[in-house]
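Naming follows writing order (A, B, C, D and E), and every chain is counted from residue 1.
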Amino acid sequence: MNMILSPIPWLLVIPLAGAVLTMLIPLNWRSPASMFGLLTQLLASLLLGYQVSQYGTQIYAMADWQAPLGIALRADGLATLFILMSSLVATACALYAHLYLNLTKRGHFWPLLWFLWASLNGIWLAADTFNLYVGLELLTFAAVGLVAFASDERSLEASIRYLYAALLGSMAYLLGVALLYGAQGTLAMDSLAETWHWGPTNQVAITLILGGLLLKTAVFPMHTWLPPAHGGALTPVSALLSALVIKASFYILLRFWVEFEVYRHLPSLSQLLGVLGAGAIIWGGWMALKQTHLKMVVAYSTVAQIGYISLMFPLLTAENSEASLMAYHGGILMLLAHAFAKAGMFLAAGNLIYCTGKPDLASLAGMSRYRPLNIFAFGLAGVSLMGLPPSGGFNAKWLLLQSSFLSGQWWWIVVLLIGSLLSAAYIFRVFAYTYQETEATDSFRRPPITIELIALCLSVASILLGFLSIWPVNVVSLPGPFMEAMP
Amino acid sequence: MNLLIDLTLLTGILAIAATSLLSRSLFQSVIFFILLGLTLALGWIRLGAPDIALAEAAIGAGITGVLLLDTLGHLKKTGKLDKDEHRPSYPRLLLAILSSVTLVVLLLWAVFHQPTPAIQLHLLVEEALPDSGVSHQITAVLLNFRSYDTLLEVGVLVLAVLVGLALQTDQHQQDSLPGLPNPLLHACLTLLVPAMLITSMYLLWAGSDRPGGAFQAGAMLAAAFILLHLSGIKLSAQLSHRMMQFGLLLGFTVFLVVATSSVIGGRPLLAYPDGGAGLLILLIELALTLSIGLILLSLFTIANSPPLSSRSGGSNGH
Amino acid sequence: MTALVILQSLLLISGALMFVVGSIGLLRFPDTYTRIHALTKADNVGLGLIIIGLIPANFSLLVTLKLLLIWLLVMLASALSGHLVAWEARAKQVPLAPSEGESNDELTD
Amino acid sequence: MSYIYGFTLFILLVSLIVGVMRIIQGPRQADRLLAAQLFGTTGVAILVILAELQPLPAARDTALVLALLAMLAAVAFVSRVWKTTSTNEDH
Amino acid sequence: MDTNLIFTLGGIGLCGLGLFGFIYHCHLLRRLIAFNLIGNGTFLIMVGFAQRGQGVTDHVIQALVLTGIVVAVSATALALVLIRRWFHLKGSTQLPEDDAS
């Protein structure tokens, strides 16, 4: 295929160039330039989606050096889906940020967003373990910058906590990569998979890599950095972090898990991940129920939702390929639904806080009457998070349930049910506050209708996913090395 | 004999690391951290990695040390450097010991069961070296075979400055500390700074056929800038804000432009045109050196920006 | 040739011993000022001896020049840092040999 | 000859360890810094010898870099850490 | 016991020490130093372990370590910026209720 027509380089070059450009040009030009960039990114992602669904997995050799000497990029179905997801969510968040932030803050926001986007695209496309490390660090720095630039105490504390956790996570990952290289002499995922053998070195390497990535994904006992970071950042940033950033380390985890057939060789580890996921579901839900600040409820809900997504690991078993495939589809759908629903929910929550001027739940009283559209957006996102039909979240949970049945691991069903009850509880608790009619002030600020609509669009997308689930499922099942390694 | 030297070095490294971690005085920790960088540079030479030794000497022992010392001075200004440090709790100590022992045991187990690698990447590198435009393998890997990693890595550097700039409350806030008014120092600077600049250029030029390269050269350049800054000649105040920004971004931009131009020319991203690799690599490295020097300097000055006479302690946040 | 080797060995080992002397001086001298003395003498002479001892190892003009440059720079650096520390110590009125009992660390308390 | 290099190296390493003791003892920051300075010079000496012993000519470049950066820490210390301490606090 | 193995073991020691300090300490600067110890240990393991396996000087891994060092120094600088800002706002060198984690 013609090199110019491939959108893969542009998916990296445009955000990187956008970052440089938005640092150099005057403040009031940054938004228009970025809008143009958003458009090209959307087009490039759509083009990639078309090409991959037409011609299958694409390999792109950077600098014309084939892996393992050079670095290869690989756009398979999974990568394409994530690129499309990040394009849609990032565009929505960027538009929201443009309307929400003042001129100076916006000026700093754009380059950080572009770096974030570049690193995300880099990670989705990467097929080289060390390249993933550099991508992860770029992502961490951009995310930490985005958290910190609210520059009040809370966000600063959150960003330091986040930076320290993320740095430790990436160092563990790098240590694992070092061991893999020492054992096999290569960094490219393909050639690693070809020459893979489960000696002690590889087992330790995988353990370190998984440990580091779990810390970065904020899986249950290592989740403590997440709620302050996601709850303390500015609203569009919270949405980006919850919807996209934590998915990056999870995505790498999934790639390692499947491509090196970890599920086949370390089954005890998959049960452990399931237990951690179950812990996250229950603990995250419980903590969300206890929060007094609206954004913290949403942030703890992210902890719980990560738990659901990690339930796919114990269900990806070598014994039952049908159940595995279902779990894979369920997990991916869950991830996708969470991306849209959580972004929508954070934006809606941000709008509510904008109205009341206070971050706590108690001051939401009367909101359902004053801002029904916004509450509706919040509710729709909530429907998907709870897993009520018809929504992306429902289909995902349904697939996970079926997979648990098929593989005979009934205990995950119990966890799924308890989790759904908990999420229903914390979402209805928020609703209860909005329906209260107290004599409190009526001096609410009115947000522009556009930012409410953006939140609504994302929430609607998470519901629509319930009707269009077949499309992402087909995309992630496109043949490629990843699907071949699938049980 | 070699064994004895290696073991002595190893003992030294571990002892210095332990002291820098556990020392009561924070100043002592920082000094030992600088010494660790120095000792590691010796270790890298023993490992046959002079490029890393150069980087470690310039970055580990030089830049990082100065950054830490500077922060220490900043924290000391208010006189409450170690004041609010409560001793960590016992569960924490237990967790720390447990996880560190687990890590060490796991790593030892992994290291002593090392299989023979199936792929010998260095053979591939040697084979492709004539086409890379340079004759030093590390430069070939960094700026040709795996140039994509390097591009992202420069992005990481730029990003660190960007975050620092975004956190700066006032655009034109500058380092408020005066330089050292010592006459001998200034006399020596006229000798030392040109020597540093020449060494920086030497390292850059050496990179194409022997150890050296843009990062070492950039770190050296940054060291020269920081030295000037510390003695009161502030480059960041001399250059306009705009100029500084251009300087910071120059390396990344040149790299990106070269990368993109190959796509427009119908080649994959970052692929150099036939025969032009050597020249383009030198161009990129030159721009990178300047930018890295300025980036490290900015990271040093940005960190300084909160003014002295600020509130410390009480806060109005929740 | 052997005479040269013996000369080299003597130079190298006496250079290294100078470093030991410097270290011991640093350890034994009572106050900052005298320690500066120990430092600047010993290491410059020691390094000088070692560098002269190394010159015959490879008779190359460039290498010799580089070695001499290194020596020059180290001398400059240690002279300058010794001077700065002494200058600052005098400005801050750090006492000449402090009384025996004093060994508290000014940073820890 | 390499035996002599190794022996010299060993003496230098021992001298390093003696220097470390002064840094731990202090008592002043300035003393620690001076000892660190000596440490740097010893490092330079070790590097120039390693350049012959390995043999690895690039070790001399590392020595050059160290020699150039040797005073950076001293200047940073005097101008940043020491300067900001009030006289009565320092001892 | 060759040089590569010895320094690999040194790297393991540094990683262990660093991880201990990173978890044990509350002081942000000390934790940063601990992080740098882990980083340096990782770099030593990278080179020592790879060269032990390959049996020759491996320039690829050395180049990767150079990248790693630059990333680590950026991380350190970024953390210092944040720590100073934090100190400036709160006058504290550690995070509040750090034992909660």
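Simple rule for what comes next: a residue touches a chain if its C-beta (ideal position, glycine included) is under 8 Å from a C-beta of that chain, and two chains touch if they have at least 3 such contacts.
In this text the structure is predicted, and so the values were computed from the model without any measurement.
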Joint neighbours of chain D and chain A, given as chain labels: B
Which of B-E and C-D has more C-beta contact pairs: B-E
Between chain B and chain C, centroid-to-centroid distance (C-alpha), Å: 28
Centroid spacing, where centroids are CA-atom means, of chain C and chain E in whole angstrom: 31
Distance between chain centroids, defined by C-alpha means - chain B, chain D (Å): 20
Interface hub residues of chain E, defined as touching at least two other chains: 15, 22, 45, 49, 52-54, 64, 67, 71, 74-75, 78, 82-83, 85, 89-90
Residues of chain D touching at least two other chains: 7, 14, 16, 26, 29, 33, 40, 57, 64, 68, 71, 75, 78, 83, 85, 89
Residue numbers of chain B (touch at least two other chains): 2, 25-28, 46, 48, 51, 72, 74, 76, 81-82, 107, 111, 114-115, 117, 120-121, 125, 146, 149, 153, 156, 159-160, 163, 167, 180, 185, 192, 195, 315, 317
Touching pairs - complete list by chain label: A-B, A-E, B-C, B-D, B-E, C-D
Of all residues in chain E, those that touch chain A in their complex: 15, 22, 28, 31, 35, 38-39, 42, 45-46, 49-50, 52-54, 61, 64, 67-68, 71, 74-75, 78-79, 82-83, 85-86, 89-90, 95-96, 100-101
Chain D-touching residues of chain C, taken from the complex the two chains share: 5, 8-9, 12-13, 15-17, 19-20, 22-24, 26-27, 32, 35-36, 39, 42-44, 46-47, 50-51, 54, 57-58, 63, 66-67, 69-70, 73-74, 76-78, 80-82, 84-85, 87-89, 92-95, 98, 102-107
Partner chain A, residues of chain B touching it in the complex: 106-107, 109-111, 113-115, 117-121, 124-125, 128, 144-149, 151-153, 155-156, 158-160, 162-163, 165-167, 169, 245-246, 249, 252-253, 256, 259-260, 263-264, 266-272, 315, 317-318
Complex contact set, residues of chain D against chain C: 1, 4-5, 7-8, 11-12, 14-16, 18-19, 21-22, 25-31, 33-35, 37-38, 40-42, 44-45, 48-49, 52, 57, 60, 63-64, 67-68, 70-71, 74-75, 78, 82-83, 85, 87, 89-91
Residues on chain D engaged by chain B in the complex (per definition of touch): 2-3, 6-7, 9-10, 13-14, 16-17, 20, 23-24, 26, 29, 32-33, 36, 39-40, 43, 46-47, 50, 54, 56-59, 61-62, 64-66, 68-69, 71-73, 75-81, 83-85, 89
